[in-house]
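Paired with chain B in one complex and with chain C in the other, chain A is shared by the two complexes that follow.
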Partner chain A sequence: MSLLALNNVTIRFGGLTAVGNLTETFEQGSLSGIIGPNGAGKTTVFNLITGVYDPTEGGITFGGRDIVPLKPYQIANVGIARTFQNIRLFGGMTVSDNIRVAFNNNAKSGLFASVMQLFNYQREEENYHKQIDHLLDMFGMLDKRNEMAKNLNYGDQRRLEIVRALACKPKLLLLDEPAAGMNPTEKQELMKLIRYIRDTFNIAIILIEHDMKVVMGICERITVIDYGHKIAVGTPEEVKSNPKVIEAYLGEPAH
Partner chain B sequence: MEEFLQQVINGLSLGAIYALIALGYTMIYGVLRFINFAHGDVFMVGAYIGFFIYPLLSESLETGYLTAFAVLLAAMLGCGLLGVTIEFLAYRPLRNRPKLTVLITAIGVSLFLEYTGQIDFVFGADYKTYPTLVERSAVLSGSGLSLGSDQVIVFVVAIGLMLLLRVIVMKTKIGIAMRALSMNLSAASLMGINTNRVISFTFFIGSALAGAGATLYAISYPKINPLMGVLPGLKAFVAAVLGGIGNIPGAVFGSFFIGTAETMTAGYISPTFRDAIVFGILILILIFKPSGLLGKGGVEKV
Partner chain C sequence: MSKVARPYLFLLVGIIVAFGLSAWADGINPYDQRIVMNIGINMILAASLNLINGFTGQFSLGHAGFMSIGAYGAAIFTTMIAPGMFGEVAGTGMQDVALFMGLLFGGIISALIGVLVGIPSLRLKGDYLAIVTLGFGEIIRVIIQNIPSLGGSLGIANIPRYTTFFWVFFIVAIVVFFIQQLTKSTYGQGFLAVRDDEIAAEAMGVNTTRYKVEAFVIGAFFAGVAGGLYGHYNELIRPADFDFLKSVEIIVMVILGGMGSTYGVLFAAALLTYVPEFLRGFELFGVKFDSFRMSIYSLVLIILMLTRPQGLFGGIDFKKLMKKEIKFGNR
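Entry: the complex of A and B
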């Protein structure tokens, strides 16, 4: 069974069909990419998966479970985490508190539970901090744990977003243009990082990316969408030589 | 000099009460970005909860201080639940509507509480005398300064609650979630935070602090009526704006500033001007530093 399945997903905003009849599956532990020209509806697909939008038609299942009726926070709790195209860290909080927010997930955070929490507060807190430090250490950011997120440099902010998403303990990680604004060296590092995450945490990753080197370099399977419709799917080589894809990116050839 | 110190003492004890109210405004603004204009009326209800529950409690509890403490807790709990109910019934259905809609609803809720309260079989429109929770005795006397035990209690309780709030906001799971929400609501929900629950919790805490403020206010000014929340509510709002709305330390600072400014004006100029000075400060702050003294100069993105 596929980890994530989109079944004829359509969303319309007024008269505009942002995503139309999209059917696609993503497997456990796979590393996939979604590409397409600007405005093709890639981020909308992520927003549909994470529950920010509800599809006008069609269904989305995660691990066999229908997730369309779930709210965004519930979808995060069943195991889908994401990063954002425009960085959305909690700027006024420290690096470690940013990650701490994501750990909230796995715990009850109701009024009563919070009051009760005060009693074994110390133990729980130590436990969290160990986990936070462990994660930060893996990504070489341990020395920045007490810095404000807004004071980090751009690359570190992107990295922190990924670490924060991982703290949600996802089975599926969605990365929205992780390479945006990075220089070639940083992109190389990012590619290594993404592979490392997939192998270490054994999770599925879907990324939206404009940078073809990055996408072609790491994705095992690529879905191409244009005007909200899937126009091709396959390995990087297959996609690269697909005439429809070339047309979508470069325009129709002259006759 | 003594006169001056006396006004500082009076100002700080008044400011401590404003702070408890202002915290509610600023916390709710922090997570939802709107001013809960019904907050002053939640404060008023807090005073009435104390008024009605005191006879019941004073019979079963022996010592005066224990009763006072129980009344304080009852007012906090009652107001907290009222705040959560208001949010659930009035504001939550409007969550995705323009902020102006919610703001006008808040004014509606405020008027609803004020005028329902005036119905005879609810609270009644006339003034009632709040029970004497603590006997007033002079802690300091002789030197020309007067410091009543009530003022000391007001100050100690208010500071204690503010410290407790700080621990909740900075250290607990729900507090971290609150801060995350105030910085980026959508990102917080995508990180698995149940935003509605955190918002309810914020209303509970904010309103409970108003309930505590009401109890302390009524200890100092024991005449209560259904419109008593209007002016303290507005002044606490001014204090929150002065400190920078959405900023918790700012609200506390602003409240002490407003409280002191008010008593100084009453003492040195004329008691008639005490309200005018507060709203004068509001006008000045809105002209010269709209983001507040401790607020960040936030430019609204369009």
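Entry: the complex of A and C
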């Protein structure tokens, strides 16, 4: 059974069909890419998966379970974490607290136990901080743990968004243009990082990316969408030589 | 010292301070006493609104509405319900029990209404939510005004004076403890996440609905308790005491103190309660200051907002400051 399955998913905004009849599956532990020209509907696909939008038609299952009726936070709790094309950190919170938000769902200490510091509160908090430090250390950000997220440089902000998503302990990680605004060296590092994440955390990753070098370099399987419709799917080589894909991209001088 | 003990120690210190103030209360004149009392009550109001507006990022303009519900609820309890339960309590040790139960009664009713007011916050943001909560405050006021058994616009008079310095500052200590502990905990990070980015918070598994409603419920509860304290000090409550201007007054304390900074907000509550009283006595060119003190007050606020929009204490990390001091001292 596939980890994530989109079944004839369609969403219309007024007269605009942002995603039309999209059927696609993603496997456990796979590293896939979604590409397409600007406005093709890539981010909308992520928004559909994470419950920000409900599909007008069609179904989405995760681990065999229908997730369309779930609210975004419930979808996050069944194991889908994401980053955003326009970075959405909790700017007024520290790096460490940005990550701490992820433990919120599983925190056994509820409101009153937290206020009164009852039961295992203290041990739980220490445990979270250990996990946070471990994650930050893995991504070389331990020295920034007490900085305000909004004061981080761009690269660190993008990285923190990924760390924060990983702290949710997802089975599927959605990355929306993680390489945007990075220079070639940073992009190289990012590619390594994404592979490393997939291997160490053993999770599936879907990546939206405009940079062909990045996508072709790390994705095992790529889905191409144009005007909301899937026009091709396959290995990087297959996609690269697909005439429909070439046409879609040549028709868009921006690429 | 263990990490668990420290916050409780702070609470204990707060309670001791409340006792201390209580002992000192008899020695000061009634005018000053009233100011100190109002400072304490405003601290409770401002700190509790800070949870809604400062920590959770919801713009509520109806805090006086919650205060009035608590004030009326507590007054009804001590004047109508308590005598049936305990007989005559005034002057006996039972008056504190009656007050405590009255405050709880008023606070809980206010919290229940808080659920209702919290619900629009699930769909509305910013200015729209502000207008709805403002409307709520006014509706409460008009409803109370039109209930004859609550005294209409004349309000309820002859409420026993049960509120003491101890009760007021004891509850200030509790509110501060509660909010500080909550917003520092992992559970509490949910409130701040909602404030900073709701979509990201949901994507991280935070049930934003629950947090928003909880913020309103907790905020409303403590505002209700503050209302109960107010009524049992003032001995008289009228709908006009809890009008839109009262809500604005509390909001200004929160903004001036720095959204999300509990100690800043406490300080602002004290300052903004004291300064207008202080200015009252002044005279300039033979004109009593009293006639234009509110204008001066507004002017000071405008200047402050222009020069320090983040509030007096917003964005200051007290912990870091303290550490620096200590390091400096050790050198």
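What we mean here is this: the second predicted complex is superposed on the first by the 239 of 255 C-alpha atoms of A that agree within 3 Å, B and C clash if a C-alpha of one lies under 4 Å from a C-alpha of the other, contacts with A are read in each partner's own complex, and residues count from 1 in each chain.
In this section, a contact is a pair of C-beta atoms (placed from the backbone, for glycine too) under 8 Å apart; a residue touches a chain by one contact, two chains touch by 3 or more.
Keep in mind that this is a model prediction, so the values were computed, not measured.
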Using the superposition on chain A, decide if chain B and chain C clash or fit.
clash
First (chain B), second (chain C), both or neither touched by A:Cys168:
both
Which partner does A:Gln157 reach: the first (chain B), the second (chain C), both, or neither?
neither
Under the stated touch criterion, which partner chain does A:Thr50 make contact with: chain B (first), chain C (second), both, or neither?
both
For A:Ala81, using the defined touch cut-off, is the partner it touches chain B, chain C, both, or neither? Pick first, second, both or neither.
both
Give one of first, second, both or neither to describe whether A:Ser32 is in contact with chain B, with chain C, with both, or with none.
neither
Going by the contact rule set out at the top, does A:Gln122 touch chain B (first), chain C (second), both, or neither?
second
Is A:Gly92 touching anything from chain B or chain C once the two structures are fitted on A? First, second, both or neither.
both
With both complexes overlaid on chain A, does A:Thr223 touch chain B (first), chain C (second), both or neither?
neither
On chain A, the footprints of chain B and chain C overlap at residues 50, 52, 71-73, 76-77, 81-82, 84, 88-93, 97, 100-102, 104-105, 107, 109-111, 114, 117, 121, 125, 164-165, 168
Mind listing the chain A positions that touch chain C in their complex?
50, 52, 71-73, 76-77, 81-82, 84, 88-93, 97, 100-105, 107, 109-111, 113-117, 121-122, 124-125, 128, 164-165, 168
Taking the touch rule as given, give the residues of chain B at its contact with chain A in the complex, in rising order.
171-174, 176-177, 179-180, 183-184, 186-195, 197-198, 200-201, 204
If we count contacts the way the header does, which residues on chain A are in touch with chain B in the complex?
50, 52, 71-73, 76-77, 81-82, 84, 88-93, 97-98, 100-102, 104-105, 107, 109-111, 114, 117-118, 121, 125, 164-165, 168
Tell me, which parts of chain C touch chain A in their complex?
3-4, 7, 177-178, 181-182, 185-190, 192-193, 195-197, 199-208, 214, 260
